[in-house]
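One chain, chain A, appears in both complexes that follow, with chain B as partner in the first and chain C in the second.
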Partner chain A sequence: MPEGKFCNKTPINTEEQLKATLGDKGGKQYYEEMNQLDVDSDKLWASIQKTMKSRTKTWLEICAHCGLCAESCFLYQVNGRVPEQVPSYKIQSTLGVMVKKKGKVDNAFMQMCMETAWSKCTCCNRCGMYCPLGIDMGVMFSYLRGLLYSQGFVPWELKIGSGMHRVYRAQMDVTTEDWVETCEWMAEENEEDWPGLEIPVDKVGADIMYTCNAREPKHYPEDIAEAAILFHVAGENWTVPSEGWEQTSLSMFAGDWECCKDNVLNVYAALERLKPKRAIGTECGHAHRATVIEGPYWAGRPDGQPPVPYIHYVEWLAEALRTGKLKIDPTKRIKEPVTLQDSCNYVRNQGLKDVTREILSYIVEPGYFVEMAPNKEHNYCCGGGGGFNGIGKYREQRNVALRKKMEQILDTGCKLVIAPCHNCWDAIRDLEEEYKIGIRWSFLKPLVIGMLDVPKHLLPPEE
Partner chain B sequence: MFKKILLATSGAPSTFGAARVAFDMAKRYGAEVVVFNVMGVPTKAFSQVVNDVRTGEEIEVDDEYRAWVEEELKSTFEKQIESVEYAKIVTTTGVPSREILRAARAEDADLIVMGASSGDSSAYRKGYPGSTLQRVAKAARCPVMTVHRETASYWGGFGNIVFATDFSKQAENAFKFALNSAKELGCDLTLFHALDISGKVLDQNDIEDKLIAARARIRETYGPLMGDFKDFDIEVWEGVPYVEIVKIARERSADLIVLAHHSRELDPELASIGSTLEQVILRAGCPVVSVSKPDKV
Partner chain C sequence: MYDFLTGPMLWLTFAVSFGGLLVRAVMYVKGLSWQLDRVAYRPNMKYGIRGGIRSIVAFIIPFKARLWQTRPGFTLIFFAFHIGLLVTPIFLAAHNVMLQNAFGFSLPALPTGVADGLAWICLVGGLFLILRRIAFPEVRIITTFYDYLLLVISVMPFITGLIARYEMGDYNFWLAAHILSGEIWLLALPFTKLSHVVLFFMSRMQLGMDYGIKRGGMKGTDMAW
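Here is the complex of A and B:
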C-alpha cells in the first residue's frame, strides 16, 4: 500500500508536515504520488456501510435518470451541456458506482471521482430544488468528498486547507497571538476617527460574540475594523473570543469530517466560555453553513442548534437598520444600478433571501436595485464555491464556471455588485480579472459605513 | 530620532529615489534600514497563489521564490546595504498598504520611506498610482516620507525644512516633527501657510488683511512652542496651496517639506487626486514627510 510523502491517507496534523506540503510547489510531487496511491477497498467499503445513511441510499436508488436536474446545474450550462455534466450522471457515475462495486475500485476511478467532486460540483445544492424527487446532489457530493479524503484523493490545496484548520484552527496560519494583536491594532488604527472604538476580547456575558473568517486578520483586517465601527455606532455590547474566533471550515470543502467537528467545537467552546446572548458571524457564506447549519450536527448537539442563537451578519445588519440602531443618511444612498449576489450557503441553505433585500431597501435609492435573473434561492453559484476558487489544478474549469455569473451580471447592466460572502466576493473579483467586464464589488460593511448618519457624540471633536 | 527606517520598496526604479534617501539618512544619522518588500497580492481564495506586485503574474510563493526575491533586492541595493551599519531585508505577501502598516507596527519604525507610486512598472491591475501611499499615510503611527522627484544636489543631509500648516490638529503633530527634526539636524525652518484663494475673486485689501491675520496666527500657534530654537521664519503667501508650498520650497532650497495628512477619504477614486499633500508629493523636488499621528514625533 504505497503512500506518498505528501499524498497519503493521513491528515496533516503538525506544522512541520504542513510546511513541507506547502513547499511542494503547486502540488507537483503530491499529484505524482497520487498516481501510485492504493485504494484501501476494505476500509472504503466499511466506511460506506457505517456512514451511508438511508437518505443517501434511497436517493441513489430512486433517481429516475429523468435529467430534470440537468438545466439546474450552472456547470452543465456553461460546459456545452455535455451529458457528463448532468448532476445525476455526475453522482451516479462516482458515488453510485463506488457503492455498487462495494468499494472495489481502482486508482484511476478515484482520480476521476476527485475531479468530478471538486471540479464539476460546487455543492451549491441548486439541483436539489429542481429534482422532482428532492434528490440533492450537492449533499451527496459532500459525502463523496469525505470518502475520497479518507483515501487521500483530495486536491492539494484542500489537503493543506484542512491541515491549516487542524494545526492552527484557522484556514490560514493565524495564531491566537496574531489574532488578538490584530484586534488591538485595528482598534488603535481607527480610534481617532471613532473615539471610544474598542474591540473587546474575551468579555464574558456580552450581548454579542462576533466571529470571522481567517482571511480577515491575515490580509484584510479592515473588515474587522469595519465590524467594530458598526457595532460601536449601533451601541452594541459585544466581544470577540481569543480562541474560537475562526468560523470558516475548509475541512468541510475537503471532506475532513473529523476536523470539521473539532473546529466547530472550538467555536462552541468559546460560546460556552464567554456566555454571550447570541453570536454573529461575518459576511461569509460557508462559514455560516459550517458553524450554524451543519456544525450542530457535527458537534452532536441533539437540538441541531448552536449553543446560543447564531446569526449571519446580514441578519444583524438588517435588524440594526430596521430598529434604528444604525441610521442611513438618505442623501448618501447608492444612486447607481446595483445588483446583489445571493450566497448559496446562507440563501439556499438557510433561506436568508429577504433579509439582504431589506438591507438594500435602506441603502439603495429606490429604483436602482436590479435583481439578477434568476435570484434568491434560484440564484446560481458565484462559480467558485465549495473550494473551487482555491484549487490550482482546476483553475481552468473554475474560470469557465465563472461565465454564468458573468452573464447574469452583464444582463443586469450594473457596475456594482454587492457580495456579502467572502467566497462570492473572491469569485467576482477573479471574474473581473479574468474577463474584464468593468465591474466593482463590495461587502456590505464598507458601503454602510460610508452612508451612516452618525450621532454627533460619536464623531471626533470638531477641529 | 530616526533609529529605524522602514524602506517600503517594490524594487522597481520608481522606488530608487526613496531608497537613496533612506540609506543616506541611515548612514548620516546611524539608523537601521529595514528593506521591506511585499512580493505579491493574495488572490484566488487561498494564500499560496499571489499576483506578483511588479509583473502581475500569478506566482506560488515558496522558499525558492522567496529566496529569489531576496536575492534580487540584495543585488539591487547591494552598495547601499553595505554603506550602512544595520540593514535587513524583510519580505512578505499581502495587500501592500496593509503589510507596510503591519511591518511598521511590528518593527516599531520611526519613519516609513517610500516612493509616491509604483509608476508604470506596476502591472497589478487594481493598483493605481498612490493608492498604497494614501492608505499608509492615513493610518501610519509614524511619519511617512515620500520621494517622488529627487533634487540632483541631494547629499543625504537636511539643511532647510519647510513646514506647511493649515492649522489643523494633525498639523500640530507635523509641526512637532518639523521642529524636532530642525533642532536635531541643525536645519533652518520655514513655517508656511498658503492662503487658499483658488477660484475666488477677492478684494486686495481683504487678501492682505487675511495674510496679516494668518501670520499672526502662525506666531501665536507655534511661537510659544519654539523654545530656544531660533532659526525659523514665517511666511504666508496667497494662491493655490500646493503650488505655493512647492514654490516656497524651491525658493528656500528646501530639502524637506513637512505637512499633515488628514484626508479621511480612502475611496481610491475620490482620494487619488485633489489633496494638497498628493499634489505636493508629485511636484516637490525634495522628499516630503506627511505626519498624521502624534506617536512618533
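Here is the complex of A and C:
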C-alpha cells in the first residue's frame, strides 16, 4: 500500500487533517502505516539532483574517514562511544548511501534514515567545528530531513508540528484571537503592580516589534507579561503584531521547507506592515535561527538579512543594561553559584556568546558565575535539540542524550542554570525530572525583574 | 621506457592532474547556491573572505584549531605525513635536475639527509594512518577498501623512490616504478578523494565564509575554531 491515512507524502494542510492525526494517540496507526509506505525513488532522486549543491556533494565525497569528528559529537560520547554514533558514519550510511543508490532505496532504509536523522543528531553543528575538512553534519542532516519529510518518513509529532504551522502559522494551535486575547489578559493581570503597563498590538512605527514562541501564549503567558514589564521599565516604544508574532519554526526541524518559507514571510509581512525600527525575538534559540539566521534565505532575501534589524532577546537585554535603561539593584544580584547554557542556535549559529556573559556581569555577584566546560561555541547541545525533545518515539534516546548536559552541570557544582532558550530550558527541566540532580533553571526575564531597581514613578502608588 | 615516462607521459600527467584540479575548483564555486547553502556570499564578500581565511589558517597550522589541540599525537603524525608528502617531491634535488633540464630553472633543493628524513616520515606516518584505521573502532567503521587504496597510492612513490635511492635491486627498474607510481598519484588527484588537495581549501573557505557571514562574523564575534 503506498500512502496511509495519516502517514503519507502529503503535508497536513487543514484543521481537520490536523485533528485527525492528533487523534491517533502517540502515532500508533501512523507508524504502522509507515511500514507500508512506498518510496518514490524517481522523485527522491530528482529532488536530490536539484537541491544537492557542491557543498554537500563535496562533503560526501572528500570525507577522509578519519574519525576525528567522533569525539566532537555529544551523542557519540553519551552512547558508550559506539562507532554507529560517529558523525561521519551517521551521514555516510544514510544520505551517502541514498545518493550513491540514486534514490533507489526501500522502506526499511528510509525508516533507518529517519531514526538516524531525528534520534542520532540534533543538528547542533558542533562536529562541523572539529572536522579538518569543514564538513558540517548538522547541515547535512537538516538536508536529509527535508528529503525524508518529502517522502513521508518523519516522526509523528513533527508531521503534526509542521501541520500546526501550516494551519495556524504557529507551532501550537494558537489563533490570532487567542494571541491577542492573551496579550490583553496579561496586561490586565499585571496592571496593578505595574501601572501603565501595556501590550500594544499592531502599533505602526514603534521602535520595537516583539515576537515570540507559540508556547508562550499557550503554556507560559507570564513570559509575555515579563517581556512587557521589562520593555515598560526600560521605557521602550514597542508593539506586537496580531499576525506574524510567532517566530519559531518547527517545520525547520521537520524538514518542511515550503512551510518554513510561508512562516517567515508571515513574520516579515508584519515587519513591513508595522514598520518598526527593529524587531526583537524572545529567549529562544530555535526561533532566532528560524527567523533571523535561516529565514532570510527561505524568504529569498539576497543580503541574507531580515527586512529590519532583528535581534535576539539577549542582545536587547545586554544593551538595556549597558545603556542604563534597566538598572539592577546590586543587593539583589544572584549570590549563589550559577551557570549558563549556551544555546547552539544563537551561539554557534550566530556568535552571540559574549552578550550573555555581559548580562551575567550585571546580574550575578562577581565570583559566582561558573562556566561549563566546554562553553561558548564549543558548547554541547542540551540534549534535546533539533526536535528531539518533542518526539515520543525517541524519548529513551533523548533521555540518554541529556546525560552530557547533566555531567556538565554537575561539574560546575551549580544548582541554578540560566537557559535563555526555550528548548534548552525544556531539556534542562526534563533532565531534572528524569535524573533528579536537584537543580533549578530559569530564563533571564524573571531573574532580571526580581532584581530591578525600578524608578519610583513606575511603582504602584503606596496606600 | 624512461624517456616516455619522463617525456610525453609526464606532460600528459601534469596537464590532466593540474587541469583536472582546476576544473574541480571552478566547479565547486559554480555549484554553490547562496539560497540553498544559506550564505549570502556576494553582498557580504568582505566578511566572507575574512572568515574563510581564518578558517583555512586555523586548520593548516599545527595546533592552532581546537581540534589539533585535543589530539596532539594524531596532529603530529598528520602534519608530518602531509608536509613530507608535499615538500619532498617539490624540493627534491633529483626532481629539480629534471626541472632544470626541461625549463632551465630549478627550485632550491633539499639537502639529501633532510629529503631522506622526510620520505621516511611520510612512510612511517602512512603506516600509522593505516594502523589507526584498523585499531580504532570509530575509524574502522567508516574505513573502506578505497581508503586503503588511496593511502597505498600516496605512499607508493616514496617506497619506490627510497628503494631506488638506496639502490637496492635493479636501479632502473625501481626508478621507472618510482616515476610511474608518482604519475599514478598525480593522475588520481582530480578523480578521487585525493582531490582534497584543492577541495580542502574550497570547503574550508566555504564554511569559513558561512561562519564569517551569518554565524557570528557579522556580529563581531569570531569563532574560535
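What we mean here is this: the second predicted complex is superposed on the first by the 462 of 463 C-alpha atoms of A that agree within 3 Å, B and C clash if a C-alpha of one lies under 4 Å from a C-alpha of the other, contacts with A are read in each partner's own complex, and residues count from 1 in each chain.
Here, a residue touches a chain if its C-beta (ideal position, glycine included) is under 8 Å from a C-beta of that chain, and two chains touch if they have at least 3 such contacts.
Everything quoted here is computed from the prediction, not taken from an experiment.
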Partners on chain A (chain B, chain C) - clash or fit: fit
Partner chain(s) touched by A:Lys25 [first = chain B, second = chain C, both, neither]: first
Apex chain A: angle to the C-alpha centres of chain B and chain C, given in degrees as a multiple of 10: 160
Touched partner set for A:Val86, first chain B, second chain C, both or neither: second
Touch count on chain A, higher of chain B and chain C: C
First (chain B), second (chain C), both or neither touched by A:Gly300: second
First, second, both or neither for A:Leu68, with chain B first and chain C second: second
First (chain B), second (chain C), both or neither touched by A:Trp59: second
Chain B versus chain C as contact partner of A:Gln350, first or second or both or neither: second
Smallest distance from any CA atom of chain C to any CA atom of chain B, in Å, after fitting: 26
Residues of chain A contacting chain B in one complex and chain C in the other: none
Residues of chain C defined as touching chain A within the complex: 27-40, 42-44, 55, 59, 65-67, 70-71, 74, 133, 136-144, 147, 193, 195-196, 199-200, 202-204, 206-208, 211, 213-217, 219-225
Contact footprint of chain A on chain B as seen in their complex: 42-49, 60, 62-64, 94-95, 98, 101-102, 105, 125, 139, 141, 168-169, 264, 267, 293
Contacting residues of chain A [partner chain B, same complex]: 22-23, 25-26, 157, 160-161, 171-172, 185, 188-189, 192-193, 215, 218-222, 384, 389-390, 392, 395, 423, 426, 429-430, 433, 450, 463
Contacting residues of chain A [partner chain C, same complex]: 51, 53-55, 57-59, 61-68, 70-72, 76, 81, 83-84, 86, 88-89, 92, 128-136, 293-294, 296-297, 300, 302-305, 348-354, 376-378
